[in-house]
Amino acid sequence: MRHPIAVLILCLLTSVAAGSASAADREKLLSEPGVYGTFAVFQMDQEWWKLDKAARMAALTEVKAALKKHGERLAIDAYLLRGLYERGDFFLRVHSTELTQTQDFLLELMGTTAGRYMKNTVTLNGITKKLNYVPAFSDEVKAALKTPLDPGLKPYAIVIPIRKDAAWWLTDQEGRTARMKEHTEASIPYLKTVKRKLYHASGLDDVDFLTYFETAKLDDFNNLVIALERVQENRHNAQFGRPTILGTIRPIEDILEVLAR
Amino acid sequence: MRHPIAVLILCLLTSVAAGSASAADREKLLSEPGVYGTFAVFQMDQEWWKLDKAARMAALTEVKAALKKHGERLAIDAYLLRGLYERGDFFLRVHSTELTQTQDFLLELMGTTAGRYMKNTVTLNGITKKLNYVPAFSDEVKAALKTPLDPGLKPYAIVIPIRKDAAWWLTDQEGRTARMKEHTEASIPYLKTVKRKLYHASGLDDVDFLTYFETAKLDDFNNLVIALERVQENRHNAQFGRPTILGTIRPIEDILEVLAR
Amino acid sequence: MRHPIAVLILCLLTSVAAGSASAADREKLLSEPGVYGTFAVFQMDQEWWKLDKAARMAALTEVKAALKKHGERLAIDAYLLRGLYERGDFFLRVHSTELTQTQDFLLELMGTTAGRYMKNTVTLNGITKKLNYVPAFSDEVKAALKTPLDPGLKPYAIVIPIRKDAAWWLTDQEGRTARMKEHTEASIPYLKTVKRKLYHASGLDDVDFLTYFETAKLDDFNNLVIALERVQENRHNAQFGRPTILGTIRPIEDILEVLAR
Amino acid sequence: MRHPIAVLILCLLTSVAAGSASAADREKLLSEPGVYGTFAVFQMDQEWWKLDKAARMAALTEVKAALKKHGERLAIDAYLLRGLYERGDFFLRVHSTELTQTQDFLLELMGTTAGRYMKNTVTLNGITKKLNYVPAFSDEVKAALKTPLDPGLKPYAIVIPIRKDAAWWLTDQEGRTARMKEHTEASIPYLKTVKRKLYHASGLDDVDFLTYFETAKLDDFNNLVIALERVQENRHNAQFGRPTILGTIRPIEDILEVLAR
Amino acid sequence: MRHPIAVLILCLLTSVAAGSASAADREKLLSEPGVYGTFAVFQMDQEWWKLDKAARMAALTEVKAALKKHGERLAIDAYLLRGLYERGDFFLRVHSTELTQTQDFLLELMGTTAGRYMKNTVTLNGITKKLNYVPAFSDEVKAALKTPLDPGLKPYAIVIPIRKDAAWWLTDQEGRTARMKEHTEASIPYLKTVKRKLYHASGLDDVDFLTYFETAKLDDFNNLVIALERVQENRHNAQFGRPTILGTIRPIEDILEVLAR
């Protein structure tokens, strides 16, 4: 009890994953269709940084507890934005089978002492689905899509929301499949270095899709986006980005440590 | 007098509906044409969360009293946004036969101790009307539109404002009816799981329509919106969403409890 | 001196019109061409509501004095927005023959104790002119335009700024007259229940027109706007609303009473 | 020393022009090409108005000193916005032969005690040039352009930034000259009552031109802008205004007096 | 210890470059492809300016230390915006071979005492690449591109983000090369007075390119931008600027001195 800061540091650094659902459950949440994905961006208000370090660390142990508790049934990932994105210090990606569970977690997070200093600046909601166009692709493209991702850490994550125009939605399935085949082929050279995940958002948010990427090579990612801009389907992007959210994937301990500095 | 917090909790949790108009009056407000609907989004300011719990609970009993008093002639529903929408903690949907009554209620609400901490971030006003296009639809479509909603709680509510372009308004009634028939047919598969309500807003707000939805199945709702994007009428949506407001329907006690945490 | 609040209430409730120009002068300001109209929206900051009631009432007597003083040569009307419009608590419509007079009044208002808590969130400036198109209309339309307004209070006021596109301004006078005849005919059914006033704003603000309406029947007003959306002239509205400002017309005493609550 | 406020008032009211460059230097800065013009809009924060009058007056003497010092080599004009424009209390127009001099002045201004309460809400930068199209106009138009401005005070000033579309810039010099001849002819009737000055801004700001006007007759100015909207060149205005900044030209003493009230 | 301010001033003015990577390393970071460039705009909050001078100077020595430490492996340049751009007081341009290094530096900067008062208002991220179109240009153009920059200080820096439309990206390489040849030829007359650097941003930010310029002659720069507006490629700029960031290049000591004033 004499060295509360030291104790808190110890406590804070005890390793827990941001989300600690069982490996199997987490894997399912991250791979199955019908899962809700929420991207919630937070910015600490100026008052937070003026609290003393001990107070901030104590506050962050509550955050860790909330992450641990809800991480049992949700898949929660944390990303550091501070320095790279002007509207947030970090964001959470939360996967759940029911959006009320995500809300209950965020209510608890925002209800902690530290949560009172967190300004929620952007929230994007979507849902995963089975692949829409791939089943109609040629065997060659299907095979190429199985290219394994290079092993190793992918320190960067990018979220880009997309809204299609009415002409896109009024194109028939065959026409859209042809366009998406071009789109997919353009992305094949980057399958080894850029991991992709797609969320459908029509009606859940102001956009149609949330695209999420992880990579260790931002130069490859930049080339991928340029390649995708060069196919016909790009004519139907009424909104691409706005915001583009670029952050780094770090252990929750590191992110909390930045907030405790 | 010794345990004010306990007493307040008791008081707060005594069950009253957010709106307590007689069941018959409420039913009329929610179903008849010529009723004004106002969606008012509020965000508690940072100071609120720093008040102690007892002060917040005392403040919220005043809110409950205002809801009860005005709920006698208005239909008031409350929704929790916190965690799912970055611009608000909750929103109220208020139905009245005269918009001054809605304003009087909101004035009283915002004039309570808690109201001083509520920032009104979005307000949308509209009016209900008789169905415009349905009378001209085929008997088959009319019959389909009588599909009963599945029973059970619908925990999610979504508000999407829409503005049509000039070309839409300059299309004759017959042409618009044909387009709306396509639109309606696209929505039929979702009548069982998504409840819909329409408000006209031209001149009362910056949009032409406020569309309101309730559902237990957000995946169905997402599919419904995609289906609606795939009909010709979608070409005339100059604005769709912006904002899309997604929240959860919870008893007012639960919402106040979140604010009192 | 013992009951300062009671005295202040008495003082505050002593009836004066928001603008107390002589009836004749006010009538001229409200009906003649070449008069400047300014719509100034104000929102009280959060600090205001935390002042005690007596302090707020004392501050509001200063506001009343400023209104009375400048009301001698200006026509000043006050409207309550709180609860119906998220960007303001009230707005003033000020008519003067010289815009510096309007500015002098607003400087004095904003310089009062209460004025220090008023955030000016929107200001729109325009000028009245002789009717541009009516002289060329048929006798039938001219006669219809003389339909008298129904008597009785009109509790609602709406301000909608409009910007026309370049194609509109490049249409010749005859072509614009034909379009405005359609526009005018569409509005005839609503002349009894909706009062209209037009301000020209090109160069004085970011729009071309400020349209102002008063009505007791918002349903009629909604139908009027829809009717106006259904004529060709609507194709040339590059901006319609943004903002649409909907408030209620209340005696200045009532508005000050809301601010003093 | 006993009546510091009185002394300060005296000091404040001692007449100096906002800019006190020698008449000849000022004339050159205001008429020659190759001069940089900066429009800097400031809004006093809420805290300012809560300082006591003496503190504010003391602070404003520093402002006067900065204006005087830099006015020796810059042409500085001050305008009152408060009451007429929601995003500012006043703006300065600064002319210099080198933009670093303008910055040095603004740094000193913002570094004064009063400057700490000034929020810079809008800044627009441009440069004056020789007339581009006039040399190719007919002698008749050239002669008309020499119409002298009516004498007397012009109390109103308006700043309107303009961005042209790509089609404009891709029109050849002859085509643009023809269009600008129409534009110029439309403005001739207003040469007596509206003074105009043009700044080029491509690359220095988000627009291509800053247009600045002074007039005693806002009704004439409104008619001038409508006349300019009625020529073909208006089709190429991708942005016109946004913001339109309307203020009054007042001696710096009057503006400081408003801030000291 | 008796004259802490004097000591701090001394300390602050000790000359170090904002970035002190070895000259060779810095040269490589500033000239090679595959380097990440981040433009981070900061605005000091109002509280900062109310701290006493000694506290601010002490805080700024920490900033200097962070710049020095990270300047060993990053190329960091500082620019003064205050007075010329309403959304920032200064910006940093940071070059690194890995964006996490840039983030680590900015985390440390923002974690200093002074950093707690820095609001990050704009951040733009890009990457340098080999020239895309130049290899296909004629020898004449290639030779012209070797025109050496005039010697001497370039006190002004401008950052303009650009987004191309879908039609641009769908133009084949030959077509884009032809367009870029026109673009390049238009810029040749300004090679002596305007230094240019290009960053690719697709997917890293909401735009496709970040263009960066340095010049001593803003009039030349204005003419350069106009020349670039006059080529066909300009039709494909869906966004040009918004924001245009114009600042001055000053030694870090000067910038810190402005913040310490």
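Quick notes
Chains here go by letter, A, B, C, D and E, matching the order in which they are written, and residues are numbered from 1 within each.
Heads up, the rule we're going with is that a contact is a pair of C-beta atoms (placed from the backbone, for glycine too) under 8 Å apart; a residue touches a chain by one contact, two chains touch by 3 or more.
Note that the coordinates shown come from a computational prediction; the quantities given were computed from them, not determined experimentally.
Both chain A and chain E are touched by no common chain.
Interface of chain D with chain E: the two copies contact each other largely through different residue positions, with under half of all numbers used appearing on both sides. Chain B and chain D have CA centres that are 47 Å apart. In this assembly, the C-alpha centroid of chain A lies 29 Å from the C-alpha centroid of chain B.
Looking at chain B, one finds that none of its residues touch two or more other chains. Taken pairwise by the contact criterion, the protein chains form one closed cycle in which every chain touches exactly two others. Round the ring, from chain A by way of chain B, the chains line up as A, B, C, D, E.
By the touch rule above, chain C contacts chain D in their complex via residues 34, 36, 38, 40-41, 45, 47, 99-100, 102-107, 110-111, 116-117, 119-123, 125, 127, 164, 166-167, 169-170, 200-206, 208.
Touching chain D in their complex are the following residues of chain E: 46, 49-50, 80, 82-86, 155-156, 158, 160, 213, 218-219, 221-222, 224-226, 229-232, 234-235, 237, 241-244, 246, 248, 258, 261.
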